[in-house]
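In what follows, a single structure is set out as structure tokens and then discussed.
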Amino acid sequence: MSCILETQGLCKAFGAVTAAKDVNVRIRPGEVVGVIGSNGAGKTTFINMVTGYLKPSSGQVLFNGQSIIGRTPRAITRLGMARSFQVAQLFPQLSVMDNLLIAVAAAQNPFPSLLAPMRTAARVALADAMLAQFDIARWRDTQVTAVPQGVRKLIDIAMALIGEPQMLLLDEPTSGVSAEEKTALMDTVMRVVAERRVTVLFVEHDMDVVRRYVSRILAFYSGEVLADGVPEQVLANPRVQEFVTGSQKVHQRVAL
Amino acid sequence: MRLNRTELILLGVALLLAAGGLIAPQWLVFLLTMALAKSMVVQGVVMQMRAGLVTFGQGLYFCVGGYAVGMSGHFLDISDLALLLVIGVGAAVLLAMLLGLLMTRYREIFFAMLSLAFSMILYGVLVKSSALGSTDGFNVKAWSLFGWSPAQGQAPLALFIIIVGVCAVLAVLLHRYSRSSAGMMCEAIRENEVRVEYLGQSPRWVLYMNYVAAAAVSALGGGFMALSAGHIDPEMAYWITSGEFVFIALLGGTAHVAAPFIAAIVFAVVRTYAIELVPHSWQMILGFTLLAIIVFLPKGLWSLFTGQARRAKA
Amino acid sequence: MHNYKKTMIKHPLALAIAATGLALSLTTSVQAAENGKFRIGIVTFLSGPAAGPFGEPSANAAKVLVEGLNQGKLPAPYNTIGINGAEIEVVIIDEAGGAAKQVEEFRNLVQRQKVDAVVGYISSGDCLAIAPVAEELGAMTVFYDCGTSQLFNEDKSPQFVFRTSLDAAVDNIGAARYLAKVRPDAQKVAGIQQNYAWGQDSWNDFTHSMEQLMPKAKVVESQMPKVFQGQYGAEISALSVKRPDIIHSSFWGGDMEALVLQANARGLLEDATAVLTCGESAIDRYKDQAPNGMIIGGRGPFGAFAPDNELNRWFKGSYQAAYKTDPTYPASKMAQAILGLKHAAENAKVEAGKVPAPLEIAKAFKGATFESVSGQVQMARAGGHQAMQGIAYGEYQYDAANKKGGVHNVIAFNGECVTPPDGTTALEWIKAGFPGAQCN
Amino acid sequence: MSLFAVLIDGTIYASWLFLVAAGLTVIYGVMRILNMAHGSFYAIGAYTAASLVGWYFNNGIGPVWAGYLLMLGCALVAGLIVGLIIERGLLRFMYGRDEVLMVIITYALLLVLEDSMKMVWGVNPYFAYQPYAEMGRSALAGLKVSNYDLMLVGVSVVLGLCLWLWLERTHQGKVLRAVIHDREVAMAMGVNVRRMFTLVFVLGTMLGTLAGALTAPAISVVPGMGVEIIVLAFAVVVVGGMGSIEGAAVGALLVGLSRAAAVHYAPEFELFVIYGVMALVLAVRPQGLFGRVLARKI
């Protein structure tokens, strides 16, 4: 059956370090896939390669069956694959509304017009709708620097979704968010992506969060896919427990 | 085209200024003309500052505009002001479209240094070319406008009214540009270029358009400078000149399209009195002014109008 | 976006700032109204590398002279108070900053400061830019130093613009004539000039003059370092490998001193004779770092080349008294310009104590002959707007006993010998072989 | 013959360029401040040396060798004082500001210093030639070269080595490189970055004044001399890669040799050589020969 995203023998080496070794992944439309793995396992590298920020040393990436190797992130975004970031990538000096308006304008026209004003009623309506959907409308006119972390992550994702992507890659959506907020935040995000029928692949450290939303897990270890399957099965896998979830707890202890 | 309040106010101020020119003493009229000519170059600097790029070579386009006007007057015997300015802007745009391909690859200090290098190369070429009077430069022929040429001694006032008109139009256009998608995209690039890329927009394309547009505006200033001063020399492309434009840009701030105009006028007045009152240490006064602005008004004189000074500092 | 109008009212401070300019300017233009004094605007370099060698001495000379004139201390024919009985008042302006800025400041001097005459300008670029403005404003203007041959080719029918200094071509014609007299056997000529208009023109005039006067001599090397470079190691090597007999240079100020020091230390000036057209301006500073016999000029009969007349004795004396050093040529030239202005103003035939109008001064200045610290000056060129004087060259001699530099076997050439006649540019005249030149 | 001359002249000029550029690159490397006022430091060094040395020799105070010590000593002291005043009194309040804004702050500083120098030393040239003349000259393959210039080559080589060793071999150097590499991490590791900044800025200032002092005897010290060398020093630093000592050395050699070659073979192009080299290098290697590219982590 058809895949929305498929990688074939994806490899990436930074000098001596291998960040990805023969990664073969096939994602079907409508799936919600979780990617787990300790730090440096190559999760973010994977996303960066798929979205064109990094060029793989070798291998192939197919989006809806067409190769997107060597394309710029903007080209890939326009094809319908959007992403969010570990650290929310926003325009700090601008208001939340302006952030979204820029996203709308960018999505609507690859060649921005020089004199027509960016802020049109139509665009504002679109942005407002998005804010409402994530219910963060009350932050509408605040400067981003004054907005709490959790909300920033939501804005980051909202901006990614404004272009109506078919697929969304979430890079640690809950990182930098306090444990209490996590579930609330993820509920919102998952509600919205479900409403928009977007295929989702998200990187996450917190196993409870992963269990709660995904239909399938990819476990990364030192650039390789250790296991791929339904959550129970993957999390039961001894090697996963040894290298991923286990080291995960250690990692968290270290971090504290 | 419908004008919003800000634009109406800009045009109103311009009208007042033009009217003031009729009663103001001649030297003041001339001083304002020069200040406005410079302010156009400063607009070019500010356009790039909004995109997070500081150029130490905007003198390049200032100079190209000036020389294109002067040379078309000398070698092509063109005296029509409008035509001359169009030629000046055209020349600058062509050059910018070429250099822009390279410049848009650079950011931060490297952009600053490379822009400086290019304007210094032009400076070198002009110093070498004795046909253009080398460092002495040459005098620009008197101008006419659509067949009408101003009476003896009336040229400065006429030019003042023209430049005020041009500045008014420019102000409205730039005001719209700053609110347009492209203008906002520049700010977005300054804030976070990677994100802009991931929104499906090409930062380099936006910066390229911005660079060329800035060059055109600056060249217009250069052309007016040539016509009002009546003389041009390679000094226009020297890095100190470009530094002065950055100076004025910071003085005004990037918050509003009117800021560079006000800053240029304030600068001209401060400098001329500094030179008159303390001929031996006027640079020092400029230096302290600049430091004071940076420390107390990080967003420039304009923050006095909006009361942002404190907020910006915090 | 914030509402412009409302915030304006919310911030009167802002309004104040924005309005300061206009307010200030209007007030002072009132204060600078005519006050019965003869206001002279002095423009010369007060900052930058030209301030030390040229600007400072010029400004000092102006002060000494104006003070002397206001107290009527000068010897005849200038022993009358001030200018035409009116006390002199000077406004000094810095020439640094480029021609465009100078045009602006010139207009301020005339229209805001209401000066009765402007005396100044060292940079040729500034002179070229100022001339048309002076004519447009009908402002009495005396250029005291700039030497570009272009000045009166651009300003064809001058009315208010005068130049009491010599065309730079004269320096180099004089240099060539001097060489023809003292070094007729010289074979290889090299040159080093600052890479800008002054240097390029000087070298041009000199080489063409040499072709006429010393056809046997060949140019073996020409160096054009960036102005104010200060380091001439490579240039000196490039010159010395060509083993020239003569090295011509139009260097001035710090560059010249650095060149002499470095070239001398590396033995270049022992094998070759240097000809420095501006050499005199550092005569007190070379000490034993310049070889005896180095040929130096003073851009006219100025400084060390100035004649020993009563006027010059007074000038030297009071300059010495005020600044503990002899006046160099820029000082003499400034003095000459002011004296010329006084002479013209007092022959403008207006009642004593009145300040004559620019046109009246100009009429009297045109073609005038006046006494100066450099002897007699005739405004004999460019329809009576350009001074004609002789020029002198000599060899540097260091008197180790009392640590003082001087000039030996000075040869002076009279004006008709080195000055191109009206209607031809300097270069044409040189290439034609100096037709009509009468040499003493 | 003239090829040999090119090498000699190029090396001498390069060593001077390195002296001038060293302070600039050290400050930029650690503090990310492209210091426009560096030229003024150079000028201050030159003025201090020239005025004191002139006074020392003209009044025959003491032996010649002491004159050299005086020359260097006073320049270093001047650098120490000026550096401390500026860093403590102004810059430390500006840290964390945008890189380009720092450039402009130092530009303002330059304007102020230029006029302050006029107030202290006036506008008349200072001409302290004795140290230069005293050393005499030697002939290399028929080319007469001033020993002072040869000495300059030695000095800058030694200086370069010292800086390099200091950065690469000493503990303090390691800490500094940590600051250069990642300021936050260095802070986290408990490095007192503020003190490092003070140290480095004063060092950079002293390098600047030292360069001035060493140049003074060969030239005539005039107002505006500082402004003239800034762009030159920038070019060298940008070519070599900003913040890298070895880069500055290579950049200096590249610029010095190409300029010497131009002077000997194509005097016409001497004026463009420096900017030509700079534009060329940047076009090929935007970060300069030895510059590091910092990929943005997302």
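Each chain gets a letter, A, B, C and D, in the order it is written, and its residues are counted from 1.
Methods note: contacts are C-beta pairs under 8 Å (C-beta built on N, C-alpha and C of every residue); 3 or more make two chains touch, one makes a residue touch a chain.
Note that this is a predicted model, so its numbers are computed, not measured.
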Chains in simultaneous contact with subunit A and subunit D: B
Topological distance between subunit A and subunit C, in contact steps: 2
Chain at maximum distance from subunit C, centres defined as averaged CA atoms: A
Nearest-to-centre chain - CA centroid comparison: B
Selected interface, A-B versus C-D, where C-beta contact pairs are more numerous: C-D
Distance from subunit C to subunit B - Cα centre to Cα centre, in angstrom: 34
Averaged-CA centre spacing for the pair subunit B and subunit A, given as whole angstrom: 43
Subunit B and subunit D, separation of their C-alpha mean positions in angstrom: 33
Residues of subunit C engaged with two or more neighbouring chains: 46-47, 195
Junction residues of subunit D, two or more chains touched: 114-115, 118, 268, 271, 298
For subunit B, residues contacting two or more additional chains: 127-128, 179, 194, 280, 282-283
Subunit C - residues contacting subunit B, complex: 1-5, 7-8, 10-11, 13-14, 17-18, 20-22, 24-26, 28-29, 46-47, 91-94, 98-100, 103-105, 107-108, 110-113, 123-125, 128-129, 132-133, 136-137, 148, 150, 154, 195-198, 200-201
Footprint of subunit B on subunit D - complex, ascending: 34, 90, 93-94, 99-101, 103-105, 107-112, 114-116, 118-119, 227, 231, 234-235, 238, 242, 268, 271-272, 275-276, 278-279, 282-283, 286-287, 296, 298
Interface residues, subunit A side, partner subunit B - complex: 51, 53, 72-74, 77-78, 82-83, 89-94, 98, 101-103, 105-107, 109-119, 159-160, 163
In the complex with subunit C, residue positions of subunit D that touch it: 1-2, 5-6, 8-10, 12-13, 16, 114-115, 118, 122-125, 127, 129, 132-133, 137, 143-146, 148-149, 215, 218-225, 228, 259-260, 263-264, 267-268, 270-271
For the subunit B and subunit A complex, residues of the former touching the latter: 173, 176-177, 179-185, 187-188, 191-192, 194-202, 205-206, 209, 213
